[in-house]
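Pasting the structures in now, so scroll down.
Okay, so chain A shows up in both of these, paired with chain B first and chain C after.
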Partner chain A sequence: MPKVKIKINDVEYEVEQGLSVLDAAESVGIEIPHFCAHKYLKPAGLCRMCLVEIKGARKLQTSCTTPVKEGMEVYTESDAVVKARKEILELHLANHPLDCPECDQAGDCLLQKYYDKYGLYERRFDIERTHFEKDVILSDNLILDRERCILCQRCVRFSEEILGEKLLAVFERGSRSYIATYNDEKISTLYSGNFAEICPVGAITDRRFRFKIRNWFLIKKESICPLCERGCNIYVETPKDRPYLKNYERLQRISSRDNPEINKSFICDRGRYDLFSLEENRIFKGIYEMEEVGWQKIKKILKEHLFTIETVILSSWMTNEEIDLALSLFKDYLNLKNIYFWGNPAGDEDEILIKKDKNPNSYYLEHKKVKRLNSKSKVDFKGSTLIFGDFFRENEFVMKKIEDESFVILISPYIPSFPEKINLLIPSANFFEKEGSYTNFEGRVQKVERIFENDKVKTEYEILEMIESILRKK
Partner chain B sequence: MKEILEKYERKSDNLLAILHELQDSKDEHYLSREDLKAVSKYLNLPLSMVHGVATFYSMYAFKPRGKYIIRVCQSPPCHLMGATTISKELMKILGIKFGETTKDKLFTLEMSSCLGVCGVAPAIMINNKVYGNLTPEKLKSIIEEKRREK
Partner chain C sequence: MRGFLYFFETIKGLLITAKHLIVNSFFHTLNYIFRIKTKRKGSVTYQYPEEKKPLYPRDRTLHKMMFRDDGKPRCVGCMLCVTACPSDCIYVKAEEVDGEKIATTFIVNVNRCAFCGYCVEACPEDAIRMDSGKLDFVGYSTNEMVLNLLKRN
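Let's turn to the complex of A and B:
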């Protein structure tokens, strides 16, 4: 990209040509306050908050719609700019209900953030605020408070530009205008959660997160979404370590994490809401012939049966490292022929984010030439069988193929769906409790941190290490 | 409705003109949900957008109005020449307030910005016809005439 030289606040910078002044300033670390501008939406110039002074221009200019030019001199904090910002903020707040104490957005709200810096602090309007509906149900996940809305139209533009259908629009005009769907129909899209996330104020909020916990009590931990092979970047939000937050569930919210090459700053509703199901139906104790067993006993039983194993079924929810270790043990060391993998069955796909394969790591297994099990594959399950991961409820055909005489060892974080077939169950860590890397559909390797600690279970990697120690000792 | 739509090319530029003609084609002078749906389908525009554009302009109505729409000019010249008296007189004769429709669905009373006929202030507009130099007596005869016409 060709570069141009511009001066921001009397300091010279080299920035990419074609950027808006707002993006150019951000690229060199200067923040210009804004509501309607969004990294992945076209500029609209609606909120007027990003006004800056440009030398030679007659009036203040909206930095989101002004492209940079060679030799441009921009002032982002001059007296005229700060005065304009204060007045615009005053107008944005003229009809704002200021119900921050009961607003879910509080703490993440741009109005609060900018008012802290550019506030007037004293209300100059002595007229009553205009009133709108405060509880418009937009969909099962979304609720709209029209009084809090500042009409930045991010939601309107998101639905138009990213989803490709205009679900929302501004109705009426001037001080009476408001955001709505036609005839108050409900929004039905697989990307509805993004409306709440993209809203810079508390107008559209998440019904599933409503009144659950205050924003500032949450820590955002980086992860990826395992629910399809795209591997969207997400934040897993968990309560801070405080005595008064002890009784809160450890998983409070999933939000999107910006990655321009994978998911931009959007995720689908499956990632946002269905990931909570990974926390359900957990099992924390080993089970041998319908009786609870501890780790010592598990190791002893493993020792007896490990060398009779002839079939290994890996899971497409294992990390690259776990797959590598498993293959080096079972394929290279034990020379087993029957190594397969399984996972959630394929589903729908679209052109925005959702991919067909509903597992995070099928690409890597296929890359390693492991065969995928499906209802048509002809397999003979001989001897003992070692299975990784059982949360693929629709994959019962695998379990049905296993003969009753076979000794079955299952390594799973969840209560098995066919307990009568399983002889030994080893409890393992779920997705949030292990670290490693996953390979997405285009071969991109992404690292995942351990988000939650759990002493009761071992990760698949630790269990594989245990197996390794048994194998190598013999 | 189909005939009106097909007079126009399927271009979003025609949206306002189509809405106007649809509204004027009815005695009740309003746009129903079916109208908006048909327009959105015909022009291939999102329904929310059609509705958003239509609500933006105060000349479109979404509830049934009267056969005669009386717009009273609210601009300063008319005000000086006695628009207030005219407004009060109209409310008295028709027995309704501004923004309302008479029970016989004949008249709707609306306020309007300048009609551009300041030379004959105070003025009102009934549907597309302007009446100027009004006095309460003149007003009475106009309304009675309209009532007889039905």
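Let's turn to the complex of A and C:
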């Protein structure tokens, strides 16, 4: 990209050509307040908050719609700009209800953030605020408060530009204008959670997060979404480590993390809401022949049965490191031939984010030439079987193939649906409790942090290390 | 030499005590027996469990939750008191009741509380107050000092 030289606040910078002044300033670390401008949406110039002074221009210019030019001189904090910001904030707040104590957006709210810096603090209007409906239900996940809306139209533009269908629009005019869906229909899209996230104020909020906890008590931890092979970047939000915050659930909210090459700053509703199901039906104790056993006993039982294993079924929810260790043990050291992998069955796909394969790491297993099992594959399982993974809750196919006499070891974080078939169940850590890397459908390797600590269970890597120590000792 | 100084100071102390005794009982007699009102009160002993010392309006005593006319707590669960609390002793949980955000759990752990009054100052709804006048709260275990403020007595 060709570069141009511009001056921002009397300092010269070199920025890419074609950028808007707002993006150019952001690329060099200068923040210009804005509501309607969004990194992945086209500029609209609606909120008038991003006004800057440009030398030579007669009036203040909206920085989101003005492209940079060679030799441009921009002032972002001059007296005229700050005065304009104060006046525009005053107009935005003329009808704003100021119910921040009840608003879920408080803490993340841009209006709060800018008013803290540029506020006038005294209301000069003596007319009553315009009143609108305060809880309009937009869909199962969304609720709209029209009084809080500042009409930045981010939601309208998101549905038009990213989803490609008109779901919302601004109705009426002037001070009476409001956001609504056509014919008051409910929004039915797989990307509805993004409307709440994209809203700069608390107008559209998440019904599943409604009134649960204030967002300044949450820590955002980086992770990826394991529900399809795209591997969207997400934040897992969990309460801070303070005494009474431990009474709240450890998983509070999933939000999107910006990655321009994978998911931009959007995630689908499956990632946003269905990940909560990973926390249910957990098992924390080992089970041997329908009786609870501890880790010492598990090791003892493994010692007896590990050398009779003939079939290993890996899981496509294992990390790259776990797969490498498992393959080095079972393929290279034990020379087993029957190594397969299995994952959630394929589902729907679309052009925006959702991919067909509903597992995070199938690419890596296929790359390592492990055979994939599906309901049509003709395989026979002989001898003892070692199974990794949790998706056997839905899978009758594999269970039917296993002979009744053979010894079955299942390593799973969840309660199995066929407990009578399993001889030894080893509890393992779920997706949030392990760290490692995943390879997405393009071959992009992404790191996952350990988000929650759990002393009761071991990760699959630790269990594999235990197996390794047993195998190599003999 | 040192012993002598100590003796001298003892007598000085006894004289101060005697002075207070005589002056206080003089005014006490004037006030309570002859009913003559003087500016000075004399004896200031309170017969504690029966008679309590009057509190000043700004004294901080045990926490109290304010309720609306319809019986709902004033607390909307904004958790500003939790944010302001330096000793992490408040636990609030809110739910949607009739389209409104209302606190359904409000627990104050008095074991941890330092009575700084920041929660009262932070509250935008005037829901939590420290003017209940209770200073003599006791219990047999620390669990009894964890108060549920939404329970009305």
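As a convention for this text, the second predicted complex is superposed on the first by the 471 of 474 C-alpha atoms of A that agree within 3 Å, B and C clash if a C-alpha of one lies under 4 Å from a C-alpha of the other, contacts with A are read in each partner's own complex, and residues count from 1 in each chain.
Note that in this section a contact is a pair of C-beta atoms (placed from the backbone, for glycine too) under 8 Å apart; a residue touches a chain by one contact, two chains touch by 3 or more.
The shown structure was predicted, so the numbers you read here are calculated from the model rather than taken from an experiment.
Peer 1: Overlay done on chain A, so just call it for chain B and chain C: clash or fit.
Peer 2: fit
Peer 1: Touching A:P243 in the superposition: chain B (first), chain C (second), both, neither?
Peer 2: In the superposition, A:P243 contacts chain C only.
Peer 1: Does the superposition put A:L168 against chain B (first), chain C (second), both, or neither?
Peer 2: first
Peer 1: Given Cα centres, how many degrees, to the nearest 10, is the angle at chain A formed with chain B and chain C?
Peer 2: Result: 90 degrees at the vertex chain A.
Peer 1: Classify the contacts of A:F217 with the two partner chains as first (chain B alone), second (chain C alone), both, or neither.
Peer 2: second
Peer 1: Of the partners chain B and chain C, which touch A:I30 in the superposed model: first, second, both, neither?
Peer 2: A:I30 contacts neither chain B nor chain C.
Peer 1: First (chain B), second (chain C), both or neither: which does A:N183 touch?
Peer 2: First partner only.
Peer 1: Examine A:L151 and indicate which partner it touches, taking first as chain B and second as chain C; both and neither are also allowed.
Peer 2: neither
Peer 1: After the superposition on A, what does A:P101 contact: first (chain B), second (chain C), both or neither?
Peer 2: second
Peer 1: Per the contact definition in the header, classify A:D135: touching chain B only (first), chain C only (second), both, or neither.
Peer 2: The second partner, chain C, only.
Peer 1: Closest pair of CA atoms, one in chain B and one in chain C, after superposing: how far apart in Å?
Peer 2: Superposed on chain A, the two chains' closest C-alpha atoms are separated by 27 Å.
Peer 1: In the complex, go through chain B and note every residue touching chain A.
Peer 2: For this pair, the touching residues of chain B are 33, 36, 46-49, 51-52, 55-58.
Peer 1: Can you name the residues of chain A that touch chain C in the complex?
Peer 2: That would be residues 100-102, 135, 210-211, 213-214, 216-217, 242-244, 247-248 of chain A.
Peer 1: For chain C, which residues are in contact with chain A within the complex?
Peer 2: It comes out as residues 76-80, 82-83, 88-91, 93-96, 99, 101, 107, 109, 112, 124-125.
Peer 1: Which part of chain A faces chain B closely enough to touch in the complex?
Peer 2: 165-173, 177, 180-183
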